[in-house]
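Labels A, B and C are assigned to the chains in the order they are written; within every chain, residues are numbered from 1.
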Amino acid sequence: MLEVRELRKQFQPLSGQPVVALGSVSFRVESGQFVSIVGPSGCGKSTLLQCIAGLSRPSTGRVLLHGREVTGPPEGLILLFQEYNKSLMAWRSVLRNVRFGLENRAGMSRVEMDAEAQRYLELVGLKGFEAHYPWELSGGMQQRVAIARALVRRPEVMLMDEPFGSLDALTRIELEDALLRLWESLRATILFVTHDIEEAVYLSDRVYVLSCRPSQVIEEIEVKLERPRNQLTTREDPRFIQARRHIFELISKEMAKA
Amino acid sequence: MARLPGKGLAVLLGCLVLWEVLARQSGALALYFPPASQVLATLAAIVGNGELLGHIAASLWRFAQGYALAAALAVSAGLCFGLWRPLYVLFEPLIELLRPMPSPATIPIAILFLGIGDEMKVAVTVYACSWPILLNTIDGVRAIDPVLLNTAATFRLGPWERFRKVVFPAASPQIVTGLRVSLAIALILVTTSEMVVSNDGLGFYILDRQRSFQIPEMYAAIVALALIGYALNWLFLTLDGWAMAWHKGLTGKEEIL
Amino acid sequence: MKESRWSGLGFLLLLLLLWEAAGRYGWVHKLFFPPATKIFASFYQIVASGEVLGHVGVSLWRAGLGYGLAALVAITLGVLMGYWRVVHESFEIVVELLRAIPPPAVIPVAIVFLGIGDQMKVFIILFSCAFPILVNTMDGVRGVDPVLIRTARTFGLGQGALLWKVVLPAASPFIMTGLRIALAIALILVVISEMVGATSGIGYFILDSQRSFRIPQMYAGMLVLALLGYTLNRCFLLADARLMAWHKGLTARQR
């Protein structure tokens, strides 16, 4: 349902040769899947998400959502940014930030929107924080507000750009599981970018490994671990360890090339 | 001023007392420098008998007009320039040329075109106040974090909604800074234009008392003007604190970290 | 960046041409709106004849003296108030009250004590420039990282050396901000004081030109003043870039 076809993106810096971030990236994501993208630093993962989200135009290649080409931010798709604190609105309370996700849609009254926002806040475990302001919350809680804001729109596809990258290990674990629970109950399609190999394997049905610049998909790895996943048992599963090792080797080789 | 400013008040009182004592020591000095008590008494008198009120009203009215017009014009222009870079680039040399010219230099040209009445004074005030507001507004819009704008894009906001819900609130702290700076500038220009050519207003009154050597009245009016400036500033800060509470909290937190 | 400059300059040129046409063809009253060429001619004349340069020199002298003295007084006071909380708390109210007085209002007081000569103008400029420098210096000093100060102390620095070698340099970006603001204020106040009571100076020159209906000269005077302001600002920015190169690098990295 989401298809990326030979996506290529190059940038023209102020001086010198054009920088090719994405060489030729192709893959497909089926509806309801949880897919991760991993790769060495600087390989263009964020750029890839921006192109898929319609915020950036690819140099060549296409992104197709339900068979239709993406030329601008498409309906039913939300991108969650890495710097979540910069994407939340400091002048709105937590509730109103979540409500923002619904606001430019016709047909809901203020009261209805607030109620819906309230629901999703509870879903992400932030009940009681409606009147707080984002800067009053911890990093992990802010990220949850951003997630709630995206979810309140019931998107078909959620793109997440290293959402847990700047959180401490314990918060990260908590949010990984929270995300999985949400995903399972809402059955959205998630495309998850991370530099954390273990996180990618833990969360996903499928992991795409990107090469260095100009990036391509080196390999697609299917993660056949049972769901629901468990932080302890899943991570000790030999198949988990094997997948992790394999991806690690792939990326190490890539980074050695650079 | 959360704590009771004991030391500050003590020093203030000390200064006033010192002023009083020094002024009383010498009769000659008292002519140039009347004791604080006399100044305050005179202030009470000229306010009480209505002499000063007319001038205060005239100055405040000019101030209000000038400031409000400048705010409306400069914020609008600043938003346009901030949002449309080609437009800004078009006007940039003109802005850079006019900007370093001290605003009082426009008084003669304003007199030429508008005479010596209220229009001239308001016009000069509008010109002078517009600059800090304009420049701060442009900066405020330009400095909006791209992540915020991208967020608006991924939520598929239309241009008007994006402006109303994201751009304008995000730029507002900087706009408020510009408004605050131009508050003081407005008072300065109103006072100056009244001193250069006028027959009413606090600026005129102060200079006129000096010329007719009514020194206590001169000081009294200066005190009145300072108090008005102080009150306007306090009013502004209060409104700002209320409307921009979110920003205070945000920046407050960053300071702690 | 390069091509964008051209469109702006082109626009400026267009405005000048419109101005020229408006003056020449009488679209507007020729008296109020002399053609641009006439203004430039007048500009050339007053500069070449040295007429305006004398006024500019006088204004610069007054502004420079007032500015320099203000910097000395305000930086000293600012450091004291910023470093010692006691001093700050004691003088805060008085400073805030004095600061609230719009500088032009102090002119008549200065006239009473100092007449309408240079001293009055220098005093006014001193008074007006002192406050932004003071406030910014104070903020800068207060914002110096305590860790920095403690580190210096462990190296055995006494108070004097501490202030001179650690606090002042650390606060210098803020002090520069205050000095930059005060530069603009100095120019504004010298013009104001020359319009209210003077017989020389660029401010007086412009007003006098208007009063004696030498209108092209009035505009030319304004142009001189704009150029003066621009030049002073540029010089300041150059000095700032030199002195504060370390700070520019630091903030660029932080961004």
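Quick note on the criterion: a residue touches a chain if its C-beta (ideal position, glycine included) is under 8 Å from a C-beta of that chain, and two chains touch if they have at least 3 such contacts.
What you see is a predicted model; the values in this text were computed from it and never measured.
Peer 1: Let me check something: if the centre of a chain is the mean of its CA atoms, which chain is farthest from chain C?
Peer 2: A
Peer 1: Average the C-alpha coordinates of each chain, average all protein C-alpha coordinates together, and give the chain whose average is closest to the overall one.
Peer 2: The most central chain, going by mean C-alpha position, is B.
Peer 1: Give, as an integer number of Å, the spacing between the C-alpha centres of chain B and chain A.
Peer 2: Taking the mean C-alpha position of each chain, the two centres sit 48 Å apart.
Peer 1: Roughly how far is chain A from chain C, going centre to centre by Cα mean, in whole Å?
Peer 2: 51
Peer 1: If you average the CA atoms of chain B and of chain C, how many Å lie between those two points?
Peer 2: Roughly 17 Å separates the two chain centres.
Peer 1: Using the touch rule from the top, collect the residues of chain B that touch chain C in their complex.
Peer 2: 5, 7-12, 15, 32, 86, 89-94, 96-109, 111-113, 184, 187-188, 191-192, 195-196, 202-203, 206-207, 209-210, 215, 218-219, 221-222, 225-227, 229-230, 233
Peer 1: Taking the touch rule as given, give the residues of chain B at its contact with chain A in the complex, in rising order.
Peer 2: Where chain B meets chain A, its residues are 145, 147-148, 150-151, 153-158, 161, 165-166, 169-170, 172, 246-247, 249-250, 253.
Peer 1: Would you tell me which residues of chain A are touching chain B in their complex?
Peer 2: These residues of chain A touch chain B: 50, 53, 55, 73, 75, 77-79, 81, 83, 86-87, 89-92, 100-101, 103-104, 133, 135-136, 153.
Peer 1: Could you please specify the touching residues of chain C with respect to chain B in the complex?
Peer 2: 4-5, 7-9, 11-12, 15, 32, 86, 89-94, 96-97, 100-109, 111-113, 184, 187-188, 191-192, 195-196, 203, 206-207, 209-211, 215, 218-219, 221-222, 225-226, 228-230, 232-233
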